[in-house]
Amino acid sequence: MPHEPQTAILLIDCPDKKGLVATIANFLYTYNANILHADQHQDHDKQLFLMRIEWDLDGFTLDEGAFRAAFAPIATQNGMNWRLEYSSTKTRVAIFCSKMDHCVADLLYRHRAGALRCDIALVASNHPDCKPLADFYGIPFHQFAVTPENKPQVEQQQIDLCRANAVTLIVLARYMQILSPAFVQAYPSQIINVHHSFLPAFIGAKPYQRAFDRGVKLIGATSHYVTQDLDEGPIIEQDVMRVSHRDSLERMVERGKDLEKRVLARAVEWHTEHKILLYNRKTVIFD
Amino acid sequence: MPHEPQTAILLIDCPDKKGLVATIANFLYTYNANILHADQHQDHDKQLFLMRIEWDLDGFTLDEGAFRAAFAPIATQNGMNWRLEYSSTKTRVAIFCSKMDHCVADLLYRHRAGALRCDIALVASNHPDCKPLADFYGIPFHQFAVTPENKPQVEQQQIDLCRANAVTLIVLARYMQILSPAFVQAYPSQIINVHHSFLPAFIGAKPYQRAFDRGVKLIGATSHYVTQDLDEGPIIEQDVMRVSHRDSLERMVERGKDLEKRVLARAVEWHTEHKILLYNRKTVIFD
Amino acid sequence: MPHEPQTAILLIDCPDKKGLVATIANFLYTYNANILHADQHQDHDKQLFLMRIEWDLDGFTLDEGAFRAAFAPIATQNGMNWRLEYSSTKTRVAIFCSKMDHCVADLLYRHRAGALRCDIALVASNHPDCKPLADFYGIPFHQFAVTPENKPQVEQQQIDLCRANAVTLIVLARYMQILSPAFVQAYPSQIINVHHSFLPAFIGAKPYQRAFDRGVKLIGATSHYVTQDLDEGPIIEQDVMRVSHRDSLERMVERGKDLEKRVLARAVEWHTEHKILLYNRKTVIFD
Amino acid sequence: MPHEPQTAILLIDCPDKKGLVATIANFLYTYNANILHADQHQDHDKQLFLMRIEWDLDGFTLDEGAFRAAFAPIATQNGMNWRLEYSSTKTRVAIFCSKMDHCVADLLYRHRAGALRCDIALVASNHPDCKPLADFYGIPFHQFAVTPENKPQVEQQQIDLCRANAVTLIVLARYMQILSPAFVQAYPSQIINVHHSFLPAFIGAKPYQRAFDRGVKLIGATSHYVTQDLDEGPIIEQDVMRVSHRDSLERMVERGKDLEKRVLARAVEWHTEHKILLYNRKTVIFD
């Protein structure tokens, strides 16, 4: 793979008005930025301007502090929500899992193969099953015995662990515990989950069984940010696969795991490359 | 296209037990059938045996009456639900539509191009919009002014019209009226509908708007048999298409129409080729 | 559908260097442009900068002549290839076809339904088969009897006809004649073709038969610009569909037609919305 | 997962004639077979009959030897090619790889997760890179230093190793050596390979680079049986993924790896479940 340049990424959303692109592009040009990617999008309904811009730091004359100082007045003047990211500062990921290991195995493999540009700080689980995988890939593994009684304390320990490891993204890789609102609030827009999805939706218990009983022709999976509304957070990625009556329930579940792996890995990839802009209840993916 | 043989198709579902394939195959062989396609499926949960078998009538020694007489005892003995179809007896289709013509135009085109092996007996609508299309393709067009008050009478007229035209399949090609239970009962498992489908489902009004607001990454469509439970009948075909924030709501609706056309045409194709076996609330497609 | 604004679209490719976005954005802002879409792309290998920018003409202070005059020095200074398009100036399309009408029927339907924002000026064919369709949709139909002997003259007549009708895009909708280099040169990057595609490729005669004999699991179609190298022009869109041994050769061909319709319509949609930037032998689709 | 029954599978191809299904079904019924799956297919062009039939061994009155003795005359009389397989006799797989480990890692994971019903006997490679993975999954790893000079001897050692391990399927998981005709002949229809596939095909060196330069919109992968004609063997599975100008060459290669994993795993799954019937240069997949 060729040498990758050190880059900075600026993500902005603000009320739309004339001259925003010029203002931002001028600002960057003034400090000698070589823009590598610039994507913008207007939400015409909501009159919003959304932008992702990435530039090579080679020759750029502002360091992080100077950038923040210089850009702040422009941001204020235009009512911008903005984030500045550096490709050299990798997202630090905690993977939460339970017994099923298909998503964990996939993420750890992709990480080691260089396809995910992040640090995986730790694997946390309420079961021991994934420990050998974590060991193989050299990632610290932490087991927490969660009971209905000790859940608040365990969650606090998990938050502490994540903070101690400077974690900035928690990936729920088929973690079979529902996070409390307090936990979700501790990592706003920094928790990604994956769940199966069907057309039509089968809400409630045993969705695969019910989809099978209904004879669905497609099964799907969705990755999304976790919000207070369970499984209702902003969608990041979705995919489907064709099934038929020739597929047993077991095979359908197996195929579903492949989908889950794929849409979760894609979400982690985009998040850690700062390609997702989240606003209202939806995402824009600047892929 | 090569000369297509005249065939008979037998569709069976019954409790599973040993020897069913042998029994049916022997019966057909006794009367000199040349089997062209034989597909079977077991629903292991429900202990059901399902089969579709198609044979060339050339050389077959039973006519329809003789077949029915000879096969009846076997069917009774094995508790079979069965249907006998002849490729020479084409399904007679009534297309019901409203203002939107994308599905009507697609079905009429495919029919004339020879891709749908059925007779289209008539187009019925509560609006005049599709009349020119029906005229162009030489299909009789019937307009019904439906109001909440006259709906029962109009439905009776529609049923009468279908019966007078020997219709055996009603295709709801974006027909924006909900059929009454009485109508559905008049054509059991003989009415096919299409509707948009999303992951997750957006039940209720303005689904495209809500899917758009939620930032879905896939839009879908489902064709299904109409039962008393609105949009909950057995699924025949489903498909999806990728969308992104770059697609406006209008474009999403446009893409959705393409999906609707496709999954509806596929359903009509399979139904009229007698490839669908319907049991419980699901379909087996012997494609 | 909501009222659509009158817009201008600028398509640029030039050697990459710092400050290009700022330069262009400033230029537009100076004349009070309200930018609706801005997409850019860098070809890092070839050190090229590619951009599509679309703005609302409401309030914009330059008319076309003034724009061209004012922008020319900037373009020259930066070595830009550039095109300026107006949404009010619709692409004028000529559809060329032979006997098969699936693509013609699809394009004419989409056009009338408002899904293709272009004018269809005429349908030209070497066979009479598509005349009724053209008549139905109210598009002038021109038949040309092409023989090996008169081909140069017929092509000249076709060019004359297109010129007389101010045609700016020729769509080969399964037109079974190979255009001469002279014809291609008369409409550079303005002729779109569609052909079937397989994995692996089956070059030469009877590709469906050979793909069928080889047991391919996917069939595909590709739309592309026509260049001197037959079927080797820049790819615009591609799609595939799954097939199995259960599909007869006839059904495979039928499915292939569906793909051809779809990828050709998509290509016409993107071309007429000025979303395609063509450089070297490839396209960038600013969808 | 529920208890899976012990089953036998019979795969047949022979000249088509009347009564074949009856003959086979009667034979099985005579010995008290409970048929679980029966799929048949006619190649009408070649007048061939192809069948896969699977039955529960519980209650079946013939052991393997008795079956072979009893069925042989029927097979001879009807000119059948036939194979008898038992679900209890698992396919023994050797995975051949080089440096790239994405397919190996995927196959080993799926095997351990129970999604591949086979024994993985060994991993063989001309490089040490995949040893840790093989060790982790507890599969013996064998390294062979291949040079142009010693290739015939190494191949013989590999064949000996496979024979010593009762290997019945060799999976080339991105093995970057071309097998000699002698090797291929030693394992006829028992070697599966995977390679990238493009529309159109890019034959020769650096296919990804050339596909990228051409701006393809889809990338694909194909798994196939290895025959004397390199990459021209019967196709087992194919899949594609959408790419755009936003994907770098590196990302395209990364996406391609995902496809390769998937189509190779699918091929191994079908082969080891005896769902593939190979005839002439094509496969029928009785999925």
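For reference, chains read A, B, C and D in written order, and residue numbers begin at 1 within each chain.
We take it that a residue touches a chain if its C-beta (ideal position, glycine included) is under 8 Å from a C-beta of that chain, and two chains touch if they have at least 3 such contacts.
Note that this is a predicted model, so its numbers are computed, not measured.
Trainee: Which chain has its C-alpha centroid farthest away from the centroid of subunit A?
Mentor: Greatest centre separation from subunit A goes to chain B.
Trainee: Select, from B-C and C-D, the pair of chains that is joined by more C-beta pairs in contact.
Mentor: C-D
Trainee: Look at both sides of the subunit B and subunit D contact and report whether the same residue positions are involved, with over half shared, or different ones.
Mentor: Over half shared, hence same.
Trainee: For subunit B and subunit C, let me know how many angstrom lie between their CA-based centres, rounded off.
Mentor: Using C-alpha averages as centres, the distance is 36 Å.
Trainee: Between subunit C and subunit D, tell me the centre distance in angstrom, where each centre is the average of that chain's C-alpha atoms.
Mentor: Using C-alpha averages as centres, the distance is 41 Å.
Trainee: Listing for subunit A: what residues touch at least two other chains?
Mentor: If we look for residues of subunit A contacting two or more partner chains, we find 41, 44, 244, 246.
Trainee: How about subunit D: which of its residues touch subunit C in the complex?
Mentor: Of all residues in subunit D, those touching subunit C are 41, 44, 197-201, 213-218, 220, 222, 231-232, 234-240, 244-246, 248, 280-285.
Trainee: Flag every residue of subunit C that touches subunit A in the complex, lowest number first.
Mentor: 18-22, 25-26, 28-29, 32-42, 44, 242
Trainee: Which subunit B residues qualify as touching subunit C in the complex?
Mentor: Going by the criterion above, the answer is residues 1-2, 101-102, 105, 109, 113, 115, 132, 136, 244, 246, 250, 254, 258, 262, 287.
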